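By written order: A, B, C and D. Residues from 1 in each chain.
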Amino acid sequence: MADAGGSKRLWLEEDIESDLRWSYTVKSILHTGKSEFQDVELVDTGPFGKVLLLDGKLQSAERDEFVYHECLVHPALLAHPCPKTVFIAGGGEGSTAREVLRHKTVEKCVMVDIDGVVVTFCKKHLDVNKEAFEDPRLELIIGDARSGLEGYDGKFDVIVGDLADPVWGNPCYQLYTQAYYEMCKSKLNPGGVLVTQSGPAGVLSCTEVYTVIHNTLKQVFPKVVPAAHHVPSFADTWGWQIAFCDEATGAELGEAEIDARIAARVEGELAHYDGRCHARSSR
Amino acid sequence: MADAGGSKRLWLEEDIESDLRWSYTVKSILHTGKSEFQDVELVDTGPFGKVLLLDGKLQSAERDEFVYHECLVHPALLAHPCPKTVFIAGGGEGSTAREVLRHKTVEKCVMVDIDGVVVTFCKKHLDVNKEAFEDPRLELIIGDARSGLEGYDGKFDVIVGDLADPVWGNPCYQLYTQAYYEMCKSKLNPGGVLVTQSGPAGVLSCTEVYTVIHNTLKQVFPKVVPAAHHVPSFADTWGWQIAFCDEATGAELGEAEIDARIAARVEGELAHYDGRCHARSSR
Amino acid sequence: MADAGGSKRLWLEEDIESDLRWSYTVKSILHTGKSEFQDVELVDTGPFGKVLLLDGKLQSAERDEFVYHECLVHPALLAHPCPKTVFIAGGGEGSTAREVLRHKTVEKCVMVDIDGVVVTFCKKHLDVNKEAFEDPRLELIIGDARSGLEGYDGKFDVIVGDLADPVWGNPCYQLYTQAYYEMCKSKLNPGGVLVTQSGPAGVLSCTEVYTVIHNTLKQVFPKVVPAAHHVPSFADTWGWQIAFCDEATGAELGEAEIDARIAARVEGELAHYDGRCHARSSR
Amino acid sequence: MADAGGSKRLWLEEDIESDLRWSYTVKSILHTGKSEFQDVELVDTGPFGKVLLLDGKLQSAERDEFVYHECLVHPALLAHPCPKTVFIAGGGEGSTAREVLRHKTVEKCVMVDIDGVVVTFCKKHLDVNKEAFEDPRLELIIGDARSGLEGYDGKFDVIVGDLADPVWGNPCYQLYTQAYYEMCKSKLNPGGVLVTQSGPAGVLSCTEVYTVIHNTLKQVFPKVVPAAHHVPSFADTWGWQIAFCDEATGAELGEAEIDARIAARVEGELAHYDGRCHARSSR
């Protein structure tokens, strides 16, 4: 009895909005469970390979997670002249850390995620991040990202926000406020860079949180550069904001310079991000 | 991470008709595969417990399979004065054999199912039928039911048809024809009884195959009694036909007589079928 | 551009339970709106013809509403020796009144439904009930059924409850309580009969409200007879309870007597209900 | 009874792939029908406003059709120094013609679509294209685009392909072949430009037809520039190819030059396309 592979009867339904649904076929259910903080599901799907869902929202798909994670991490780290210390707020899945640790300049990467169950789970199941989780440069803390950063003894060159979207009442909401960004800024070294995922950025969805996050960051940082890229499994274009402590650090790099910095600083081949992609993603 | 149990995101969709769909939540996928003959799926569902699907059609659900299997087996065996030998065409799942073997009068039950993969699979996974599969009175043959019956050395008191619905082009179609029923009759002992599942029998669906099977049987047997009962997981009322070689055997039994025969002849408690149910199921 | 008729892209989804969904294709949307009390939709569907939905629950389908309405009305009216006055609680759609008014003995039928919008709407759109709405024997009152009955000057031979299912917090809940049934009894003439729809009565669903309503009625009436029949568009077997003020009135009638009373008292042909159906529907 | 507006029960299901489904709520069905060539549906939806579907594939949505049509038309026309004559293959909906006719330089626009029913239908229902359909510069021909172009007496400055995606066996397939593009080239004036929609261009879907069309065009034209932009209602990034008879015409224009040409040549405000968008859409 070989694997059916192609059943069109088992579906995973994700509500993108209350009036818009994204459904993909399911090949097998690798895990469904609940942590203290959220529903956790790992499902092997027809169109996207293995996908991780938190509270029913797809966070990462085997087939295209490289788009989201490369676009989150590399523009910010490459914009910095020499990032040695990186803080990740959230990122429990490990893919963000994986991309950060490809940068040869990075000496320490501190990641604080609130959900130990998700971290343990991803460590075990996501082969692609195994190496990152074992990298001695990674310091992994289970706890609240805000207090983890505030109480951390030392400052960082880059802070990466890889968090669920801000939703009223949801604890992540606190990690998208002006007060939080001010605290972040105080924990950045001179010339420091902050990047945060900033929700859907499609032509119809960008007003939900993307532009709001941009404007909040502008209250705190002198220069904030938006970026966006379509992520198929998210069923939308996704957005990021890169905020600079110094306008100088944020000077726009040409395609050739991006490609040169990648070649010089990043271990291995990137699957997606390069100078061309940089130009297209910039808003 | 306890079992979520209640995710409303994973669904199994079953097409009842091309314009009518029955969808139930999925807790886990126990198996999806393909045999030489059909797609085979065993899925743990929210509303119906574990369900077995063949070619995407629900065949049996943990929560209510007793309705279908009790209504298929007991009326026919109880109508017979003393059923000793029973032939099952199809029935690979094992539940029909289980109900047959509860009859203390039964000395031999021959079951012929074409799909060895399904049989092996159900033997392994359906605990509720384990005992039946190991009963020494059961003779299990993997092969075509028609030639299995025709070539069998000996006759039977009762023949039970537990087959997929007749659909043009599908091999089961051959097991609902007048020629097949004539052969069956020649393999029945005097006073013998044939029962066959006969498809959906709801007020809107009964003209699909239910009445056709009734009429086909009437060409061959002097008395044919239709019965029907709503099976929730089938999303419809389901039908059976009981055909009698002698009109005398088919004399309608009163509620009390049904209850008395159950008490005298059947091992253990029935979950559903009794004199009251008999009266309601008769058409 | 002829009517497509067969698009398999437009669907109406009805949640039968939170883990069980019934979906049928849509040919056209005749109306969607909201009254003061509920969402009202009239939709032409592939499998069931035109269907009326209140708060997203199918109430009545062109193809099979006769099952529900005949089984609600005729057993109760035929059990009574000579029903002249009938009260309908709910029933705004008009089909219940239609069946009541087919009884030649009926001189007056008072119907009290809370939702004038639904009544006006059904009067206009449901051709099959036009005649009933114009029958001079019908007195139609828009208001609360309980106070409508309590305040009515006069008593009734039969009271029919054609209400949405009892759900905590929903106003209909009041119309399934012991106190309500006691009031009803006080408004029945000697030998009077009360019948009420009593929710899903399938082998898996009957414990939700069906058996509860039965037990509540038993606190008030000396004899309560349950009945049930599969209604395809409801995706379940449906239930009714007939309660009798006198045990004598409730004496079980044979099939022949049912058929004889139908012939003598009911105008036109019934599509479904007869002596045979009566036997099958009784629990 | 006000419009419900927010029912979450009526859905339109679009199969993006066989294992990926896009479902949106339906407010009303304005039309469903069949022409000689295809199923035609116009439906008012929750997330996208009124949408036009051909053979069940969304072609154009009120809320975001400007993205597709502006990106199809303006880059090609603006790249040309002074487009006076434009040929549209397909485009029956009228939106492509509308964007073409905004160019003040355009003196004649010939549009050939095979489906007169769709054209008549869109003329009547799509208010936003009314003016374009009445523009005296538009010559509308119902017929096969290939023979319409081949037999046309005269050449064009720009040819626009606004056709359904190439699918084996589907007649549109012929309009994506090398032979067809060679014929097109022979009907272009010196310095002429051809642009064609070229199917899904997402990171996972671009190998389906997008890169194939690019390569086919490269066999015929000295310079072919790919472009792509996420269109929310299409549930993917969409692609276009601009092919140039002369490499010189295809010289990349800077953002400022794009903006200047828009200001000088296009009537009214564009909703989406500008120099910034141009940079992002280029691949």
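Here, a contact is a pair of C-beta atoms (placed from the backbone, for glycine too) under 8 Å apart; a residue touches a chain by one contact, two chains touch by 3 or more.
Nothing here was measured: the structure is a model prediction, and the numbers come from that model.
Counting every residue number used by either copy at the chain A-chain D contact, over half are found in both chains.
Mean C-alpha position of chain A lies 34 Å from that of chain D. Inter-chain spacing, taken between the CA centroids of chain A and chain C, is 56 Å. If you average the Cα atoms of chain A and of chain B, the two centres end up 54 Å apart.
Listed for chain A are residues 11, each touching two or more other chains. Viewed as a contact network, the protein chains form a single closed ring in which every chain touches exactly two others. Contacting chain pairs (ordered by label): A-B, A-D, B-C, C-D. Of all the residues in chain C, the ones that touch chain B in their complex are 6, 8, 11, 17-25, 45-47, 63-64, 67, 202-205, 230, 232, 235-237, 272, 276, 279-283. Chain contact summary for the complex, chain B toward chain A: residues 1-4, 7, 9-14, 26-29, 31-35, 39-41, 43, 53, 56, 117, 121.
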